[in-house]
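Following are the structures in question.
The same chain A turns up in both complexes below, where it pairs with chain B and then with chain C.
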Partner chain A sequence: MTEPTTARVRFPTALRGGTGTVSVLLVLIFVVIATQNPSFFEGPPLMAFAKKAAPLVVLAIGQYLVIVSGEFDLSVGSLVGAQVVIAARLIDGDEAMTYPVIGLMLLFGLLVGLVNGLVTTLLRVPSIITTLGTMLILFGAVRYWTGGAPTGALSEGFRVFGRHGPDGVPVLGQIPWALVIAALLTVGAILLMRSPYGRSLMATGDNDTAAAFSGVRVWRVRTLAFVGSSLMATVAAILIGGFAGVTAQVGEGLEFTAITAVVLGGVVLGGGRGTVVAAVLGALTVEALFTLFNQLYLPSTIQPTAQGLIIIAAVAYVSRRGDPRPPTRPRRRPDPPNERQLDSSRR
Partner chain B sequence: MRASRVLLAGAAGLTLVLSACTTDAPENPDEGTAGGENGGEMSPDAEWFDQAEFGTQMAQRDIEPEGPADEPWTQAIEPEWVDTSDFAIDDPQDAHVCFSNASVSNPWRVTGFITMEQQVEALVDEGRIGSFDSSDAADDDNQQISDIQAFVDSGNCDAIIISPSTTATLTPAVETACESGVPVVVFDRGVNSDCMVTFIHPIGGYAYGADAADFLVESLEPGSTVLALRILPGVDVLEHRWAAAQEVFADSELEVLGFEFTEGDGAQIKDLVSQHLQRGEVNGIWMDAGDGAVAGLEAFEDAGQPYPVIAGEDELSFMRKWDEEGLTAIAPVYSNFQWRTPVIAAGMILAGEEVPAEWVLPQDPIREDELDDYLDRNSDMPSLHYAKFGGEDLPGFPEAWVDR
Partner chain C sequence: MTRVVSASRNLRARTGTTGLVYLALVIVLVVGALFVALRGGNLFTAANTVDLFTRSSLLGFLAIGQTLVILCRSLDLSVGYVTALSTMVAAITMAGDPSRIVLGIGATLGLAALIGLVNGLVITRLRVNPFIATLGMGLIIKGYLDTRFQGPGGSIPAEFQTFGLSRVGVLPVSTLVMLALAVAVILFLRRTRTGFHMYAVGGDAEVARLSGIRPELPVIIAHVLCSMTAGVAGLLLASRFGTGNTLVYGNGYELEAIAAVVLGGTYLLGGRGGVAGTVAGVFILATLDTVFNTLSVDPFVKDVLRGAIVIAAVAIYARGQHARTAVRLRFPSGGAPPPATVPPDPPTSPPEAEPAARGGTR
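Entry: the complex of A and B
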């Protein structure tokens, strides 16, 4: 069970969508990594990569749900940071607190998702503003609560998910729990998108007025997408906290990395198109790219520049794909007088 | 359409391969070191290296400071005392001291600011100063310039303490404060001016970086490999640490694998160290600040490799790990107790007592023989606390630091 195998297996069947492009990109990056560091594909380094990449995969799944419904979630980075800090403070090294605190974190994630979703759908605040607000609120609240320096410690039991896994597996050495969790969530998300809810979500992102006419309760579908994103961010927080422990900087900038991953997977901002698998492959591609930069000794100062160029290239590529629908969709513009349109303005 | 997509992907792949080829070539072939361009070269960047200042700091490490040894925050290395009788006021117990803080954006500054507030409480109790007011610029130069201006305009401040966010940009603001006639105290990072009454700082970044690098050179066999972890480029105190380390490593037989910027983020540190471990042995870790040192060590645990010799910082999470695992380690110190000194200095100036023009505080790393002592003294403290915070005798100890 390795990422490149998954990529290669899916590749022929999935060439139709953005999945094909991102698969090719991922395989290429892996090939270049292999030329730089042949030992990368021996079991343990690959498992180390999977362990590192798992949180972003989980975040990308959450971000996918929101983006495909036509919204953004900028609050996930701050939420990850807040959750890790909350966990450290409440667990404070006490093993017995591990599961109660994980439960509490999930509740908190649920709450943040509900707030994001309801403010966006019922109060009609654009999601980019809602979640920007949530991001700042969480960031500030954590700073205020901890005075800038997180206290407490995570228990070993908490850290198992992000750090350990069954040992002694032939060839691979250790299968990280993080990989197992990310794989399960990926499968779960694929099934979800094939369920009636998934179809409604996709339809909402594509054209929310049409979806509403066909009986989709748009506000509920979108709110649930935000809840999904926040819950995924909570799982990612458990994995990241487990992986590396508590630092003051945990979670910073993750929202943009997650959006990059989803966009790289060919999921269209504005909603309505793209697959979960593509988003997951996008996340793996972003992580592989970071690994590649590192293997090439690319100065870390230039890495954001390279990352930025790749995002723009990816989106430009997706936009110019020969799709019958123009990339800037009419519902985003004021109504042209001579164009009959089903939906006026969404908000 | 499919063909064009394959074409594009192919082009992307070609670009990747090409960039691999080009970046692989060493940028400075004449330097001829092992690590590729990301830091293999061992001559400090001239912008960040001042040979004379480096020599001064190296010498200051061995000078016995003046003042009581059990109160290092009042000690000074080779002080030049200046007269402050012009600034003396009649009723210091009513004096209002204003403090423009660059930020409390990292645990080191958080710890220091708590210590400062408790020191203020002590001074108020003693009647050395009357009241204290602070502003926080959140690492924004413009904000801090206007904070300082607001203090000057208010006319309420009997003394102004400034911890500048950056050196060059804040210089005019500090000069404005000086011109207002009240005594100005600058500490931590400096400014390009000597208008303030006293400039308080520990020995400095070169001494910090050299303490760490010297320890690695002493503790490792010749030919051992060292990885440097840095927070970010372009910050003078951090650049000086690295410049000094480059200077030390250049004269040693250690092989420096390169350096990585980590932003002090544990996940990044762990990932980067893991990747280096996949490619070969790492015998030593040099850090320009101890944030995330524990994550770096965990990378060795998870890879099943022996712990490296490591230079961290006097941050407690690292020191506790050091103790538990019996590491070969050193904790270089950027004296956190320096946050006490500016308010003490303000009290002295308002009473007309002499202060050093440049108040250089001692900066001794914590070595193995002192480890237990410092862990005992800080046993209640949170893990992102700094061992040499120097507030054990202040009011509110230990609750003020524990419940932050």
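Entry: the complex of A and C
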């Protein structure tokens, strides 16, 4: 377990985890972007990039919480779409409704996370299936509710978070609220992971049996992780809705992009390893990659191919780096399936 | 309550989990038929039955392949894209010429096998997480398809379209092929060395390795076979459409196949389950679709119901499993229960520490 701060201070430690690798990758992509477009680092374009990247950063933090506890959350993309549509329909251009609706959205996110978490932990449904089901349910329910196409409009007050920010800052021009929110949430998540809850979460992801024996209430810790992920998706929905507006396709495929970002940061699927900082850097890297594609004028259809190649290459690189443990460890840890297998063979 | 539990235990002891899945299939059929009957319809008309079997064949191919991969504790998220690519390859290679059918089938399956081989090698040799490796592969194929093809292309000769369209009685030929493939894969898993190795590697790769199995080989073979079944699914789709169609990757086949596999009782983390259960899972999903269609449920509500039913079914299934195993969860030799060993320090934690333990005392 490489903690964020020690990873930064002691460089060799940082390089062993995913943080170093993803930092190098990010810097590399930024360098290429800079050669293509020297004005990229002149403040306003950089802030525009931050504004665009913020939702993915927020989503990656949420997904990180779930992945580090050894689960998946495939429902976030659908949830983002559902939340944006809900906001548009309920606000319907009425400024006075902005904050009540945001409150309602947070409650809805809380509910979805709670359902995901409780179904996964107490009913013991694999989280891929749980969140896949939630994804289908949200997708269908929202479209049924709106009759297929999103209706209504967002208020200006709602769009402030995704679009605007304090103006007239020297050099940078405008600091987007999205950047502020993403930064605050990142710091919050780092602090959370250093709190007793964060340690329990990490321990649960590493080996839930051992964690349970140490007095961790595994089901509660994991459920809270799902709640965190859904709340983050809600925040991301507020940012995306403000930034891009309402369409039927909002949020499509975001769950895979978020998982890609987290894994690119070297966070191991299966849990117990990786840092918040790495996940955030992973999100920035993915977003930087998209920016780079745009600048190279690649046909937008070829982007997935490059994205796929780079993800595989990056993860293969992280897996190879002198530390053979990440790939083998999740398989070796004594988790429930092995127990059950023992049981079944004796039957 | 206890009697019900022990009865279900006895049933499970006799039939295994697969029996339960088939029981669930019967229940779904009966409940579905009742619902349709309440609306004054009949679920088992010839048209509905054909519809049910037709739906099951496509998903069946994908789910059979996915079962092999999941048994090895891997995952294949690229099958939807492989299917789409296969429809194009088949249609373009055949080009409407009956004499090129064999060539078309060969090219399609060969390319699919190659993709599976790459998947397997990336996962085992480069040690990339299967989720990422196959997702990446899917993205690569998607990019290629979107860039190279603008719409439907190629053409399937009428002779080959019989594969997708003709049927024997109410049974479509494609469903018969799917069932034959299922039987073949069941035999493969139960009779061959590689089949056993798949279970061993899925259960615990390290133990398998220490027992003298090369853990990479079964995983690679599973991925090759999985991609090939996706290729067959592509051939089937192409023969139904008459052309190649790139957009079928948007139908979410990979997730539906995984749902069918898990519904069929195969453990998502590998080493347990089988194709017989998967076939039942496929038929459950196909039955649901047919019932929804007969009742003309709003397509969006259909998604909601499907999601809820998959979760509920897996929850019920997992519940029985855990109630049984939790009795000897960590103490096969009958050691002390966990509460005694947990220090009283964490407030109110001991009896709550493990929900499974509570379930087990029932």
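Methods note: the second predicted complex is superposed on the first by the 305 of 347 C-alpha atoms of A that agree within 3 Å, B and C clash if a C-alpha of one lies under 4 Å from a C-alpha of the other, contacts with A are read in each partner's own complex, and residues count from 1 in each chain.
Assume contacts are C-beta pairs under 8 Å (C-beta built on N, C-alpha and C of every residue); 3 or more make two chains touch, one makes a residue touch a chain.
Everything quoted here is computed from the prediction, not taken from an experiment.
J.: Touch test for A:150: chain B only (first), chain C only (second), both, or neither?
T.: Once the two structures are laid over each other on A, A:150 reaches chain B alone.
J.: In the overlaid three-chain picture, which partner chain does A:32 touch, first (chain B) or second (chain C), both, or neither?
T.: The first partner, chain B, only.
J.: After the superposition on A, what does A:247 contact: first (chain B), second (chain C), both or neither?
T.: The first partner, chain B, only.
J.: Taking the superposition on A as described, I'd like to know which of chain B and chain C A:308 touches: first, second, both or neither.
T.: The answer is second: A:308 touches chain C but not chain B.
J.: In the superposed arrangement, does A:24 touch chain B (first), chain C (second), both or neither?
T.: A:24: touches chain B, not chain C.
J.: So in the superposed three-chain picture, is A:299 touching just chain B, just chain C, both, or none of them (first/second/both/neither)?
T.: Both partners, chain B and chain C.
J.: Who contacts more of chain A, chain B or chain C?
T.: Comparing chain B with chain C, the partner touching more chain A residues is C.
J.: Counting only touches as set out at the top, which of chain B and chain C does A:195 meet: first, second, both, neither?
T.: neither
J.: Thinking of the overlay built on chain A, is A:52 touched by chain B (first), by chain C (second), by both, or by neither?
T.: first
J.: Intersection of chain A residues contacting chain B with those contacting chain C?
T.: Shared contact residues on chain A: 148, 299, 301.
J.: Give the list of chain B residues in touch with chain A in this complex.
T.: So the residues of chain B in touch with chain A come to 1-2, 5-6, 8-9, 12-13, 16-17, 19-20, 23-24, 35-38, 104-107, 109-111, 114, 233, 258, 260-261, 263-267, 269-272, 274-275, 278-279, 291-292, 294-295, 298, 302-303, 317, 382-385, 404.
J.: Within the complex, which stretch of chain A touches chain C?
T.: It comes out as residues 119, 121-126, 128-130, 132-137, 139-141, 143-144, 148, 209, 212-213, 215-219, 256, 259-260, 263, 268-270, 299, 301-309, 311-312, 315-316, 319-320, 327-328, 331-332, 335-344, 347.
J.: Give every residue of chain A touching chain B within the complex, in rising order.
T.: 15, 20-21, 24-25, 28-29, 31-32, 35-37, 39-40, 44-45, 48, 52, 55, 146-153, 163, 240, 243-250, 252, 290-292, 294-301, 313, 317, 321-322
J.: Please name which positions on chain C make contact with chain A in the complex.
T.: 13, 73, 122, 126-129, 131-133, 135-140, 142-144, 146-147, 203-206, 255, 258-259, 262, 267-272, 298-308, 310-311, 314-315, 318-319, 321-322, 324-325, 328-330, 332, 338, 341-343, 345-346, 349-350, 352-356
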